[in-house]
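Here is the structure we will look at.
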Amino acid sequence: MSDKERVILAYSGGLDTSCILVWLIEKGYDVICYLANIGQNEDFSTAEAKALRLGAKKILIEDLRDSFLNDYVWPSIRGGLIYEDRYLLGTSLARPCIASGLVRAAIRENAKFISHGATGKGNDQVRFELACYSLHPTVKIIAPWRLPEFFERFVGRQALFEYAAAHDIPLPVTPKNPWSCDANLMHISYESGILENPDQEAPESLYQMTSSPERAPDDPTILEITFDKGNPVSLMNIQTKEVIKEQLPLFVSLNEIAGQHGIGRIDIVENRFLGLKSRGIYETPAGTVLYHAHLDLEALTMDREVRKIKQQLQQKMTDLVYCGFWFSPEFDFIRQCVDTSQKCVNGTVRVSLFKGQVRILGRRSQSSLYNQELVSMDTHGGYDPVDAGGFIRAHAVRLKEYYRVQTETE
Amino acid sequence: MSDKERVILAYSGGLDTSCILVWLIEKGYDVICYLANIGQNEDFSTAEAKALRLGAKKILIEDLRDSFLNDYVWPSIRGGLIYEDRYLLGTSLARPCIASGLVRAAIRENAKFISHGATGKGNDQVRFELACYSLHPTVKIIAPWRLPEFFERFVGRQALFEYAAAHDIPLPVTPKNPWSCDANLMHISYESGILENPDQEAPESLYQMTSSPERAPDDPTILEITFDKGNPVSLMNIQTKEVIKEQLPLFVSLNEIAGQHGIGRIDIVENRFLGLKSRGIYETPAGTVLYHAHLDLEALTMDREVRKIKQQLQQKMTDLVYCGFWFSPEFDFIRQCVDTSQKCVNGTVRVSLFKGQVRILGRRSQSSLYNQELVSMDTHGGYDPVDAGGFIRAHAVRLKEYYRVQTETE
Amino acid sequence: MSDKERVILAYSGGLDTSCILVWLIEKGYDVICYLANIGQNEDFSTAEAKALRLGAKKILIEDLRDSFLNDYVWPSIRGGLIYEDRYLLGTSLARPCIASGLVRAAIRENAKFISHGATGKGNDQVRFELACYSLHPTVKIIAPWRLPEFFERFVGRQALFEYAAAHDIPLPVTPKNPWSCDANLMHISYESGILENPDQEAPESLYQMTSSPERAPDDPTILEITFDKGNPVSLMNIQTKEVIKEQLPLFVSLNEIAGQHGIGRIDIVENRFLGLKSRGIYETPAGTVLYHAHLDLEALTMDREVRKIKQQLQQKMTDLVYCGFWFSPEFDFIRQCVDTSQKCVNGTVRVSLFKGQVRILGRRSQSSLYNQELVSMDTHGGYDPVDAGGFIRAHAVRLKEYYRVQTETE
Amino acid sequence: MSDKERVILAYSGGLDTSCILVWLIEKGYDVICYLANIGQNEDFSTAEAKALRLGAKKILIEDLRDSFLNDYVWPSIRGGLIYEDRYLLGTSLARPCIASGLVRAAIRENAKFISHGATGKGNDQVRFELACYSLHPTVKIIAPWRLPEFFERFVGRQALFEYAAAHDIPLPVTPKNPWSCDANLMHISYESGILENPDQEAPESLYQMTSSPERAPDDPTILEITFDKGNPVSLMNIQTKEVIKEQLPLFVSLNEIAGQHGIGRIDIVENRFLGLKSRGIYETPAGTVLYHAHLDLEALTMDREVRKIKQQLQQKMTDLVYCGFWFSPEFDFIRQCVDTSQKCVNGTVRVSLFKGQVRILGRRSQSSLYNQELVSMDTHGGYDPVDAGGFIRAHAVRLKEYYRVQTETE
């Protein structure tokens, strides 16, 4: 290649990163496009041809789907991660996966720069860049949407269209939806545009991974999902008896079934790392089913007090993922702790998928801490009810003292 | 009355507490039955007649429904309380409400004893008794199911039936379901019997407050729920324009609508305070809708960091409610803290109820912290994207240092 | 005044802010100096004369000592705030106090700008500026040490000396210590220079508020400190019987006595908000005594579980103070919670001060939850030891189950 | 042996357990005494002779000092465990160590029963018994001080003296102190008797491990303590250059030196697990020094965010130790987490011991995360101060929004 400075561009094939590609070339860089396949619906060969035609020195396309599942989605399932009680982190998990690909490319291609098309208000810039800085401390980031030279030039999308027209960058054939979206194996997120009014319902036409619950099948599908150390290892359709054990087919199939039943849609106002509240619509079909099934199995197999401690850790872990600290000392630490808690999370959960809803029907496990004999009302099984009286009265000592003093001092 | 020792019995009208009533009389007590109306489906006058016929000196029937909502359910909604990620605490909230009634009765009737029919393995004995001890530190509790004299005599239900027959206690006309249940305004819980096998699905016939999602209406109902300081204050049916503002009618109506749509069923394995895992089925129609709507409104109106702190508090608050510490110094404290956080939780949430699922469609508030102009991608609105670069790089300083040292020491 | 832009400068009278004053004038601003008296040892009239001679339009000197104690130090005592287990936050508490003065001045003087001399790596810039932005969202900050134009011009102190010489700014008469320090009523902090080697002991000559423990009096001083709702309200010297009740004299006197006894020195490596570790030496005589006395009184008067919850809150509150979030929604919230916990913290603690150490000798309170009769080994006092057996065995149910399952599955 | 039921008695050689020994024999048990050497000052051969003379079938004396240090004290040092901000858990750590010895003895000797002399109000009964139940779920516990037959017979110490006289049990030659105490390698605790008045200062004559600070040497001793993965591995006296690396001699020597300097005394009111507040005096010389040194080294070597997470864990871990849950699923879990955090805690801390106080003088480590160049005021070292401005302004976005809304809605 030439002696120009080399930059790895996180390239999506869309209008924004195509314009950034051309703009970086204009600025004098040799640009190598990097496009990770993390399960988004994308015509990779068209994207490749387009990048090269626009002047990219090279385009690297990597299939990271297995790594995305194994190294990012599964840890999240094990952790039970859910941001602000509702969001399953589909985009947050994808960013460090892509960033690690960008860094590998930068090192291999001897590029000093990494560039991306994330905006200057969002979380993704943080997630990309913190991951890059951790994995490659000397890398330099070019974030055009934070450069006045760029964002003052491209105010509004019309300016982008004009730039595209002037530089022979193909415009999307279909009119752009009045919102933006981001897709991967785990989910699709939608935000901005008409969605910016948080009181305005999202149109049904928006959803791509899930059917409308109203139009979903009138009969539930019953599945059995088996976990080993907290990881999904088997999916059985109770009706068809079909069993899938390989992780990628398992997840893809679960996405399809859960999607047909309209499962995994949420509409939330969330707090971004930069302090803004934003409104997002997400659909996460397989992830939603796995979240519920894993939660149920933990309840069966994990000691109460261990789970309380893990619950504190998982909230912290969730915030770290959301805010882009996947590669950080605290995440390394907390992930080890959480994984330690998962040794016992083995067993099978039976779920029903129907009209947008996951319902738990039953569960079983070799590591179950549930003891039917002990809990049964009709048998005592080594448990002496008399002890409960002492337990209660001992707990009451402190309470009685407190209320005695309260009454006296009032 | 006589000079016998007097006991207030938490009386339900069912077989167990009827037998306990007779047994206490046998043991030489004067028994005053106490029956709280907290919204359970009960024929109170039949229960009254039965108690008196069996020898109760008196029966006190109190309508606590308004107090139950205002003093127990609403604080739980404000707190966003949910035990082990799934259980909305319907029974846990009812117990201190009833206990406060028992204590008022004991003080008024000058009774030294309070008795109840809760079992020796469950949570309810703890909830009843801790509340009684806090509110009335010198009270004595008679818990027959923990007395060997009682529980050794009544091993298995057959012994109860025989005792009932021998003492002219009417047996239930319908055969008992192969599980036990407990109902109030907020929910019905089901456990034991055939439900003790956690892998066995609960039969559809079990549910009393909710339709099967499969048989629920094929069209959603759209509601708008308005909150003031975290309390539900208005319910509007978007289709019929009907508005309800009084708390009891509001809650009853929401129970009915949500119940028709099959909302609020869960099937879980939970951890009891006494350390056993048990399996429970719950249906909480209105509570489920309010939980989701309140959560959504908090996201719109509460600062991110305030909400994180409140989230820690609400987990502790949840455990306190579940374990029976409603009347305790720590609960007093934490409730004041949580209520402080609710000043801003004002506004309206629009929800769809359909086939077992609550979906959030939109939300609005005068106290909203969401700023559409600020978050919009197209406008900067006082926000300089350049600052985000500094934000990210400053956060990266620590990470770079850590990985630098890691690399050097490896 | 003129029609130039007006800036409020946080002025200390020292070399750095004198140079900044002149530089701001050079840049075309009208500069109003603001100097808060928060108990630092300073010749305010000399500082005033100097500022005016150097060209300040005005200098505002405010005595904030009472506000500093009442609104910042006392809340910290009530909260039991201690950063990373050791640092009592003396500087962190002063910054929002000064910032509120700067903002009041800016509003009164109709100045759009606030400027300060804090460095670009430290915590103080954050504390000043976040407080200013919260209290006056439209204010603009000029932080010269973050402006390349400034910091590239003044690399190393020699450049400052030359600038001072050239602009008739008086140089300090005594050679500067090879470290920097910051003083207020509560503490003096020392850092940088020779202290940057964390293995190098701080020289004895550094300390200004405290005697060396080695040279402290050979006899202890015994004090009784009385708190009301967590606030220190009375200080009695047991030997002299002198009593002080006014907050400023109380604190000043306690500083003096504790300082004589060498109390309150720490030498730590701490984590700054910006992610750097730095080494600091602090001396906090009165604050150290009050921290220990308050902690002791809380143990006597506060319920165990309330204190556990408060302990979580105080750690968060500490981080917020350290990181500059004094004026923030989360700090408002957490302070209300913490203050709620202090209603019962009333009573008197007797302490001995000797050779660098505070020792607790005894304590008493009307709100004490300690019940001597109950705890006495020789009396049962309404406590039945038999209950403890039930308490223990009930707690053991879960443990036995766990180890039973562990053994079976191994 | 005979066919009587066999009991392992936790025997101390003192009056109480001697009486219990004789009483158990009276009750028809074969008694095997178990006496663990955990560093208490005890004449083991006299105790042995006495037990056998009183009728014990056997006495087992085990030297557990190394296990106590390695398996209990070191984990506590690594964890930084400190109960209610002050108590270093000396007794709490010893109980599970002894209990594991009792269980080993019970299994080896085929005894179904374990007995101990702990009172019915204290923590030790819980610690002993929970540990026994976890390690040996079928064991039966005999706790005479909780048996009405026993405690009603021995009300007050006079009854014990009479029983001793009647059964040829030797009375202590010295008059008993008006308090009780418990000693091991780590500490001595004192409570009850005259100490039950929390406002009454403990007499100087009480202390056995530490000199009075007033009479301690007038010159400090300077030590360097080296840690490896959080464990103390070397102790060097800077003045004498003596180095000790074996754990038992290291700890014993540190106890001696710190004891001479009067280090490690505390006087506190604490919250027992059973809900009572009690007053205790503790002296923990070596433990106090190690606590402070370890804390200081963590600050140098551990990432800020990792430490925050560890801090949450250590508070929970502390409560578990205090309340007797050493052998529990949650303690197993949390200990693994905490140990994971200690990989980097390597290095040396220099401390001064003087007149009751430990002072940190300096510290160094190969795993230090402190970067002198980065933090130095005079160099920028890869850190751009301009970034701090963006960092601050980005943090301020949320605050400005909040206060803007506050102002508007007021």
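Going by the order they are written in, the chains are A, B, C and D; count residues from 1 in each one.
We take it that a residue touches a chain if its C-beta (ideal position, glycine included) is under 8 Å from a C-beta of that chain, and two chains touch if they have at least 3 such contacts.
Keep in mind it's a predicted model, so treat the numbers as computed, not measured.
*Asks:* Identify the chain pair with more contacting C-beta pairs: A-B or B-C.
*Replies:* Looking at contacts between chains, A-B has the larger number.
*Asks:* Suppose each chain is reduced to the average of its Cα coordinates; what separation in Å results between subunit A and subunit B?
*Replies:* Their C-alpha centroids are separated by 32 Å.
*Asks:* What's the distance between the Cα centroids of subunit B and subunit C, rounded to whole Å?
*Replies:* Between these chains, centre-to-centre, one finds 44 Å.
*Asks:* Specify, in ascending order, the residues of subunit D that touch 2 or more different other chains.
*Replies:* Within subunit D, the residues that touch at least two other chains are 274-276, 303-305, 308, 325, 328-329, 368-369, 371, 374, 383, 386, 388-389, 391, 393-395, 397-402.
*Asks:* Quick one: label the inter-chain contact graph as line, ring, star, complete or other.
*Replies:* Topology of the interface graph: complete, with all chain pairs in contact.
*Asks:* Along subunit C, where are the residues that touch subunit A in the complex?
*Replies:* By the definition above, subunit C touches subunit A via 303-305, 366-369, 371, 374, 382-384, 386-391, 393-395, 397-398, 400-402, 405, 409.
*Asks:* With touch defined as at the start, can you tell me which subunit D residues reach subunit A in the complex?
*Replies:* 274-276, 303, 305-306, 308-310, 312-313, 316, 325, 328-330, 333-334, 336-337, 340-341, 394-395, 397-399, 401
*Asks:* Help me check something: in the complex, which residues belonging to subunit D touch subunit C?
*Replies:* Where subunit D meets subunit C, its residues are 84-86, 119-121, 125-126, 129-130, 133-135, 137, 141, 143, 145-148, 151, 155-157, 180, 192, 196-201, 213-214, 218, 220, 265-271, 274-279, 295-296, 299-300, 304, 307-308, 311, 315, 319, 325, 327-329, 350, 354-357, 359-364, 368-372, 374-378, 383, 385-386, 388-389, 391-393, 395-396, 399-400, 402-404.
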